[in-house]
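The following pair of complexes shares a single chain, chain A, combined with chain B in the former and chain C in the latter.
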Partner chain A sequence: MKLGSPVHLRGFATWSGTFLLMGVICLPGIWVMISAIRPTREILARPPIWWPEDPSWANFARIFGLGDTLVGIPVHTYFWNSLVVSLTSTIVALVIGMAGGYAFARYRFRFKNAWFLGLMLFRAVPGIALSLPLFILWSWFGLIDTPLGLILVYVALNVPFTIWLTDGFFRLVPPSLSEAAQMDGCTPWQAFWKIEFPLARPGIAAAGIFAFLTSWNEFALASHLTRSTDSKTLPVGLMDFTAQFTIDWAGMCAMAVIIIVPTLILTFFVQKHLISGLTLGAMKG
Partner chain B sequence: MSPSTDQENLPAVTRLFRRHHSALTPLLLLSPALLILLFVIALPMAFSLYASFTPYRMTRPDSIETFIGLRNYIRLIGNDDFWAAFLRTLLFLAIALNLELILGLGIALLIDRVTLGQRLLRTIMMFPMMFSPILVGFQFKFIFNDNIGVVNNALQFLGLADQAIPWLVDGTLAMGAILFAEIWMSTSVFAIVLLAGLFAMPRDPLEAAKVDGCTPWQSFRHVTLPFLLPFAYIAMTIRSLDVARAYDIVAIMTDGGPAGRTELLWTLIARVGFDNARMGEANAMAFMASLLSILFTWFLFTRLLAARRTMGGVE
Partner chain C sequence: MAAITLEQVVKRFGRDEVIHGIDLRIAHDEFVVLVGPSGCGKSTTLRMIAGLEDLSDGTIRIGDQVVNDLPPRKRNLAMVFQNYALYPHMNVRQNLGFGLTIAGEPKEVVAERVQDTAALLGLSDLLDRLPAELSGGERQRVAMGRALVRRPEAFLFDEPLSNLDAKLRVQMRGEIKRLHTAVRTTIVYVTHDQVEAMTLADRIVVMQDGRIEQIGQPMTLFDHPVNTFVAGFIGTPPMNLIPARIAGDEIAFNDGQQIPLPDRFTALVTEGQSVIFGLRPDHLCPDKKQRETGTSLVEIPLKVHMIEPHGAEMLLHARLAGQPVLGKMYAPRPVAPGDQLTFQLALDKIHLFDAASGRSVTAR
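Presenting the complex of A and B:
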């Protein structure tokens, strides 16, 4: 390799190539977002219209039942259900998982690795396989088509991963800090909330957002454990558009944007912690 | 690590309390997690195993009490649909996971070399990971639609195809489209974890390899790759926990069609159990699918531990 321009040129080629590649990878998602702001007429147009000529928020207004077009799909109810189910299950999973993660990070006990592995294996059961017995049991317990039924399921789905992540973050907080606080007269409970929790907070936030996303996006179980507006979530509601005689592409694209935007915003804030949580937690098990 | 490193400085009572305390505390802390997992996952799994020994149909509720032993399992052995879906699922996973690993490694290596705007690249990289599988399925159903899909529009516009290609109507093409969707969604998991591995890698061994006259390929093969191995296992393990998410993609893109050509084990379970209401048989399949998933994850976890041990990592 010689000095000067060839090296720079190659560096520039790598740089622009990488950006181009990542842009192309994002294209399918961006295409759906673009289609969400164009009328159905434009989506079905022949020859195709590449760039929206008549962009508007009409699709969003329409699926939320605003304006004069009637839509038989109660998107706002699905949105509310998704929010309630995801938030509640996240908070509960976080409390339960944090306790478990703390136990793994701070205490020595017998068969610790086996316990950890065992807990993770609960998460490996495919959602659809779990949905069969859950469907029968939940209908006996009266939990079918209730938010509580879904919340219980999502807490169980999220607990193993929350343990994995919080374990990694509690390990990063030196135990001596909590010990010092206890010497100074704090109870272990106080020492945890005043010292260890604040220090591990970025990681705990990442675990919480990960749990929220899992619940927000889940479909296999929700589609079989919910039936009506009482508990149907957004991903299940998305299928309503295809169940009709013709597919409402514009409506589905708008609904897709409604589902994806909260997740994009949330992940943007915790991406760094999420990555370090996954790798640290797994490296120093 | 135990919370008491300099115990000798503490009064005897505290020491005694601590010793007794720390034996029970982890169990206490873990008990809520255990309870919820037992109630929502272990109990239904046990029930699923029981139901797989009955001819249970939801239309005849009392059939849950009839015990027919292994008949459902024996019937599965002779069931061609089941074996077709089973083998298709294995092939699907083998192709998807390998391609995701290779592509993810490629993306991670590319991004690692870029210094200007790397943060932005990392954010963009996470974009597909944020999509729920059901959205990924819908998105590619929209894009691969033979009449209005942007892929066919673009191919015809560029003159690469003179008529619409039936992406989701032809069995082989549909399987390809589903694989594409799956790989699009999950490659970033590998890229993210492997990139974190590249960041964590000490630079000295690479410098040493260069000084010793290694070619870039040699130092990649013998220095970078071994270091990345545990990270590859982490990514694989994370993926193994949710491989069944492909159910969502298939459910919306083709729902197993055309003529069962894209039927995976998971869509077959849903079809037999919910659409045909043959719960006993479906539970037999579901129980086997769960066992396979658990074994796969267990295998990867033990490999992860072994890889860490050869790395001389902290145990």
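Presenting the complex of A and C:
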């Protein structure tokens, strides 16, 4: 193809547009990452300094308490709390949500549509509106400042969405596949795991990512329900950098990077399961 | 290889009863076709045999064993689904071998049986393909192979050819018949296509509204339908069915036309009885073909209003006593709509059904 031909130009325009748009969307993230590797005085400089003049990992060393200062923050503990809470709540939400999605996709029962609508309406309630009732309930049950308390909240937040998403994917898998597997000698359970689960995997993977990200990033509820290193998660931990009169922007940015990186890695690994379209071809051509 | 017996089988969905107590004995090695219009309960019956639907009442036996409460996997039956239901994430080899692998057969045995089955069905070159990469006919063959490879007690086919185009359907019909001759297994086959039923079956079960209307060999159903439903359902084009009345030694149509009442019916009908007169288009001909067969004929003049050339023969649409009738011309010659032709009506091919019950007057 000749350079400068209409098709080439259009491709160029598309890519430039995409790049520009992504630049705008990612700007805050990029700014956080840049700020994580430079000192506070550079972050606050007027006029702004666009590119770090002396990039270093000092901020990271500092928040881990390795630097020459004593401003250590229990990042390990927060990270561990976040990991435990997010992974557990994701797995539990997936198991419950998948079972629910399967039931909605395959079985007929009374008030099915009302149930489904109800679940979706729960999603419409702003999470922060729940914080006070939750706080009171959890304090009765002694769940304040425990990982279990957070896990329960996140499971409840994620189950409706997981049901909604997996329901759609299970609907795409024809019921006759499970029946064929049962004729072939499978128990219904085997038929599910060997046939229907692999075919609905893109949906389940997507639901998993969403559930994990929700739990991992959630701040509002966690900030009310946690108070110590026993259960504080990374987003809540970020607030440790605000003191009465100052905010440690550099440390906060370094910690933000620590929060972002695992989600990027997870998304990178799970995305290959998102490839859809496998169900095509089971049926007639 | 086993016989399958259904005794007073009833199926209800909620308060709706869709199968009203059917009895059926399918012999060992027999090819039985369940046929009927959609919604007649033929697929539900098959799925109850398969174990995919529960029985509401009655008994199903495979061999000597009552299987009412056995899950599908313990019945040792294989089923070919209308949509093939191939596992999309497995290639042909894995699809064929799935049942054997689940049963815990050693790898070598699975591989060997898959090879044999693939060779039998001409799938050997396709073993590494995914279902999405196969044509309709190939998918159909894989679905059959998946059933075949397990050597089950019986095969169940649920409208297996209805997703194929006309040409492929005829070809696969031949393959299924050949397969049955080759492997001699009990086959229960569901279709709404009476041509498939006629060509494949040892015995046909005609169903309507959750009841069995008639069971018999294809030619028995064709020649001796017990009621107007079977008469109209089996055979293409369908039998002409025209209301009439018995008047002395004649069958009188509503417009006053009469034809003689054949002797074999005289003892079976009463004077003045309302009947349905039945005659296949094959026996209502405006040419001399029938004369040579030596049957007794009556001539009636009919006006042709539509013509359907089929090549070797021609279908003629006319009206008799205000009802549409079809005739057949075995030696087509030019006919134009509106022509008046003399049709010969073969008296010994006439069927008479009681108008009230729809049952053949000859049926016991």
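FYI, the second predicted complex is superposed on the first by the 241 of 285 C-alpha atoms of A that agree within 3 Å, B and C clash if a C-alpha of one lies under 4 Å from a C-alpha of the other, contacts with A are read in each partner's own complex, and residues count from 1 in each chain.
Note that contacts are C-beta pairs under 8 Å (C-beta built on N, C-alpha and C of every residue); 3 or more make two chains touch, one makes a residue touch a chain.
On a predicted model such as this, the values are computed, not experimentally measured, just so you know.
Check the residue A:89 against both partner chains and state whether it touches chain B (first), chain C (second), both, or neither.
In the superposed model, A:89 contacts neither chain B nor chain C.
Answer with first, second, both or neither: which of chain B and chain C does A:18 touch in the superposed model?
After superposing on A, A:18 lies in contact with chain B but is clear of chain C.
More chain A residues touched by chain B or by chain C?
Tallying touched residues of chain A, the top partner is B.
Touching A:179 in the superposition: chain B (first), chain C (second), both, neither?
both
Name the contact category of A:195: first (chain B only), second (chain C only), both, or neither.
In the superposed model, A:195 contacts chain C only, not chain B.
For A:187, select first, second, both or neither according to whether it touches chain B, chain C, the two together, or no partner.
Second partner only, chain C.
A:215 in the overlay: touching chain B, chain C, both, or neither? Say first, second, both or neither.
neither
Which partner does A:81 contact after superposing on A: first (chain B), second (chain C), both, neither?
neither
Quick check on my understanding: which residues of chain A belong to both its chain B contact set and its chain C contact set?
On chain A, the overlap between the chain B and chain C contacts is residues 176, 179, 278-279, 282-285.
Quick one: which bits of chain A touch chain B in the complex? Just the residue numbers, please.
So the residues of chain A in touch with chain B come to 14-15, 17-19, 21-23, 25-26, 28-29, 31-32, 35, 43-44, 47-48, 95-97, 99-100, 102-104, 106-109, 113, 115, 117, 119-137, 152-153, 155-156, 159-161, 163, 175-176, 178-179, 213, 216-220, 223-224, 235, 238-239, 242, 249, 252-253, 256, 259-260, 263-264, 267-268, 271, 275-276, 278-279, 282-285.
Within the complex, which stretch of chain B touches chain A?
Going through chain B, the ones touching chain A are 1-5, 22-23, 25-27, 29-30, 32-33, 36-37, 39-45, 47-48, 51, 56, 58, 64, 107, 110-111, 113-114, 116-117, 121-135, 138-140, 142-143, 148, 150, 153, 157, 184, 192-193, 195-197, 200, 230-231, 234, 237-238, 240-241, 243-245, 247-248, 251-252, 266-267, 269-270, 273-274, 279, 282-283, 285-287, 289-290, 293-294, 296-298, 301, 304-305, 308, 313-314.
Spell out the residues on chain C that touch chain A in their complex, using ranges where they run on.
Touch residues, chain C against chain A: 50-52, 71-73, 77-79, 81-89, 98-99, 102-103, 130-136, 139, 146, 150, 163.
Could you pull out which chain A residues touch chain C in their complex?
174, 176-177, 179-188, 190, 195, 198-199, 278-285
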